[in-house]
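Here the structure comes first, spelled out in structure tokens, and everything after it is commentary.
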Amino acid sequence: MSLPAAFHDIAKRVNNWGRWGDDDEIGTLNLITEETVRGAAAAVRGGLRIPLALPLRQDGVQTGVIPGRVNPLHTMVQINQELFGPGTVATSDDMVTMGLQSATHWDALTHASHSGRLYNGRRADTITPHEGARFSGIDKAPPVVSRGVLLDVARAKGLDRLPGDHAVTPEDLDEAAEFGRLTVRGGDIVLVRTGQMQLFLGGDRHGYGYPSPGLSVRTPEWFHARDVAAVANDTLTFEIFPPEIENLWLPVHALHLVEMGMLQGQNWNLEALSTACAQEQRHTFLLSAMPEPFVGGTGTPVAPVAVL
Amino acid sequence: MSLPAAFHDIAKRVNNWGRWGDDDEIGTLNLITEETVRGAAAAVRGGLRIPLALPLRQDGVQTGVIPGRVNPLHTMVQINQELFGPGTVATSDDMVTMGLQSATHWDALTHASHSGRLYNGRRADTITPHEGARFSGIDKAPPVVSRGVLLDVARAKGLDRLPGDHAVTPEDLDEAAEFGRLTVRGGDIVLVRTGQMQLFLGGDRHGYGYPSPGLSVRTPEWFHARDVAAVANDTLTFEIFPPEIENLWLPVHALHLVEMGMLQGQNWNLEALSTACAQEQRHTFLLSAMPEPFVGGTGTPVAPVAVL
Amino acid sequence: MSLPAAFHDIAKRVNNWGRWGDDDEIGTLNLITEETVRGAAAAVRGGLRIPLALPLRQDGVQTGVIPGRVNPLHTMVQINQELFGPGTVATSDDMVTMGLQSATHWDALTHASHSGRLYNGRRADTITPHEGARFSGIDKAPPVVSRGVLLDVARAKGLDRLPGDHAVTPEDLDEAAEFGRLTVRGGDIVLVRTGQMQLFLGGDRHGYGYPSPGLSVRTPEWFHARDVAAVANDTLTFEIFPPEIENLWLPVHALHLVEMGMLQGQNWNLEALSTACAQEQRHTFLLSAMPEPFVGGTGTPVAPVAVL
Amino acid sequence: MSLPAAFHDIAKRVNNWGRWGDDDEIGTLNLITEETVRGAAAAVRGGLRIPLALPLRQDGVQTGVIPGRVNPLHTMVQINQELFGPGTVATSDDMVTMGLQSATHWDALTHASHSGRLYNGRRADTITPHEGARFSGIDKAPPVVSRGVLLDVARAKGLDRLPGDHAVTPEDLDEAAEFGRLTVRGGDIVLVRTGQMQLFLGGDRHGYGYPSPGLSVRTPEWFHARDVAAVANDTLTFEIFPPEIENLWLPVHALHLVEMGMLQGQNWNLEALSTACAQEQRHTFLLSAMPEPFVGGTGTPVAPVAVL
């Protein structure tokens, strides 16, 4: 079995291999320039800071359906330990075991492969248990600070949240941009809100995961045309799930990560941001969403913050 | 045994318990206001982004001397796994086990206690294996984005790095502020550079840890007087180690975390920032240093970024 | 709230504190003597070896209901890694993260406490995050090899498995001993079969855990009278769950572990053993059930084997 | 580069591929028959039980030299937690993260491969991060209970321990068998004592690991000729290290695990057993050394016990 022609047609149109040289490992993060960053700083008006990460806890978004992707398990290794003798200052230390993709996270470019290839044509088997991802590991990413824009698809449609079978289309993105009175610029990081996170926040972990609204296979071309640097949303699967085209699983992953070399983020909590942007009537802000530099990592937890 | 009078004298002068109410769990992070954040954005000039985190890897800064504090151990749980059948898009997933204080990190206010008490007078035994820190866990911290200032103590003295027995004094901080032509303001996050990180980067893990230059027990009053929001530096122990006063171990931890309720950060790599600030002749910038919101965590890895 | 008089009455009758000295940390394992072991060897007839552990895997018996008790998560850290250069002999290494009580396991004596006390009157707060259990940790246990006896309560009653609300009584144990034509002797390790494991093996993890047949609060006296060295069974909770007496949770744990100082084992797979014993018409055997010597551990995975 | 002719010559002579069928996954463990087990029980005389595992702790035998092989890290997830309300019976639970080959352990047959092949000709790439070892994982091993024999090479030579450059030869094994007045039989598990463990027990972790006495590349033929079921010793590397033949690394691993399909064990503490056998003037016993059944595991911690 191989991927269908429909996939390869899009792939050809959005492919960025070689665009920043044969040795490039960071893809569309190249699009964040110093000018972009100055624009991001200029987007700060009131000084409001809105965190976008879910709390890291054992009853997080993972249900066990994705093998090996474990919610954060936090344990104490020391509690008020008087390391230097009785009556001295005491310290507490803790430890965590977690899947790098288990919570609010970035997928590294190496999180997906197809046809034996990673972004920029690297062989998929350059990912090994010993080293992790030799190329395009998350540790290679430059600082992810740029202008952020919220495309609030649900609110633009007057909905609390999109239904589970709604594929977010380019038309939806246009509508949300218009709603937010903004123009997406090169180097922007786009946050797409579906409202699906409300299910998780309301206690329905399984409903949150499946079925899920998410990006349509038609959207990578939209992001490509606008030179977007990265995209994140408020779902577990990122793309519409189950998929639009029968037996074509995870096409948006393959297009963004492998073909375009564009970071994508999942499980971002955009609820408070949605409220704030609506109140402020501004949908652009400085976004800092720094990867933790796991050497060879194919993903990373992230604690993003929007500064309006 | 109990802590000496010298400690309690300082403690009284810097104590912030009750300052933001009896229920406060975030201490000096209260000092970061929207105005502070606007000032931080205004500190961005060229748009240069400088990451301050060490790579997360098994051969990190921990040597085993601090029990239970394990360097990040990264393993792959899936590599190019075609979850939906042969020939489909493949994914790779990874997992980490790590001490929350093992790499570039923030200490939560609950990382230290003395005399059975935590910040704001909470009982130390409210930290449990089951819940972690019930109060002032790292998940309670608001977004840590503010104006950052680099006090480059080593460079101000014309040194590559301070010697291992150098306690950084208030006078050193004044000198570095003058060198950077800056005034520390309320809500600022202060980064103190000793240059000690060069030892680790040069391969000497043991020498990096001990002996180590670091903050003097006299500096908390300096930070307190200026309403600093948080302090981080480029050492393992943060404060001068071994300590200035015999048998008074970790006094700066106790003053910052317990008495003042001020976040402190360790193992920050300030080398590239030092070079950039010297070149730009500016030592102020927007700093984003978001904690990962581990529920009940007494610390967190952090991937800080300075934007100049 | 405190434990009811009904509990304390039994506790007095089965209490072994001081029986083997004030410093004793191993309780009824003292009852396994060299003579017992010779008897165990003499119980081997045909030479059949029957393993009693469940496979260790991520989809094990834990469902997430017991906080922090995680099923074994197995990852590869190296796969066919040619550590000494291309073409050399390659090795594969793996790692596990698991709850010590998550699978087929022994509870150490320190797994339970009540009224602030552990076995032999030790203070409960001698268990710390730093050291684990200072006294009676699982590493203190002598080799657990003795004569094993199967009390096949379900088969003795002509049932596949006991119903979920069946408390196994002393009368049931007598009936099963008679069915097995055996007399329990001092130093024996008793395996009590309910058949509940069939639910887990049949795919019903939740039904396996709750409701569950298990030992009645009346059985500790039966074991005490016979100087049994340890008891294990084929359930998650060991004792009848929910409990027989309203609001008296885990009384058997408290009686066995705290009062008697007797190891107890859970999640043992006794299905194949039941069949073999019925076929051989013998219900006694050599049992080796060695704890892994985790220093300070309050439990341990175990891979028991019955040799008939 | 490929393995030298010297290796392949021996390999041909000891190869067991196909001996127990093309589907066999357990190799020489086939040699333990019911008769063998009866013989093992008959070897029990006095009833002395001697444990052979090192304590599992963070300061175990691993020094960090072998990447990813982490000493056991034990943490408490609950301490005296009154899960059912104040005043109820409390429980403590713990968790471990550890390398399966980090302490006293068995190598599964899949721990080594060469020339792209595993035991019985299976492809090496059947080991994956997702499944671990699809064939010959440690979970496939039948119960490892058999007659054990101690070949006390050091004591037979009148030495406390063999020097670091001593390769244990077939002649050494003969000498030790004669010293123990025993004949190795088919299905026996052979324990070879070098005394090297004294270095670790004496606090010299690095000296324990390197240089190390161990089995010569000439010994696999000796074990093969005697139909030995498994071999373990008291060193980190099992075989003489550095190796006898320049650039031929880990040949004994390849011969035992890949060619013969024979389990091998490392880091076994044979000191107390050596003393006991010398006192009892018997070097044969019942040995129980049950693998923990990690599904797909290429190794396992083991807590062996000798019963004399």
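All chains are identified by letter, namely A, B, C and D, in their written order; residue positions are counted from 1 within each chain.
Here is the rule we use: a contact is a pair of C-beta atoms (placed from the backbone, for glycine too) under 8 Å apart; a residue touches a chain by one contact, two chains touch by 3 or more.
All of these numbers come straight from a predicted model, not from anything done at the bench.
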| item | value |
| --- | --- |
| Comparison of C-D and B-C by number of C-beta pairs in contact, larger one | C-D |
| Euclidean distance of C-alpha centroids - chain B vs chain C, Å | 46 |
| Distance between the centres, which are taken as Cα means, of chain D and chain C, whole angstrom | 26 |
| Residues of chain B touching at least two other chains | 67-68, 70, 73, 75-79, 95, 97, 128-130 |
| Pairwise touch network: line, ring, star, complete, or other | complete |
| Of chain B, residues touching chain D in the complex | 58-59, 64, 67-68, 70, 73, 75-79, 81, 97, 128-130 |
| Touch list for chain A against partner chain B, complex | 1-3, 33-38, 40-42, 44-51, 53-57, 66-70, 72, 74-80, 83-101, 110-114, 124-125, 127-129, 132-133, 139, 142-143, 145, 247, 249-251, 253-254, 286, 288, 290-299, 301, 303-305, 307 |
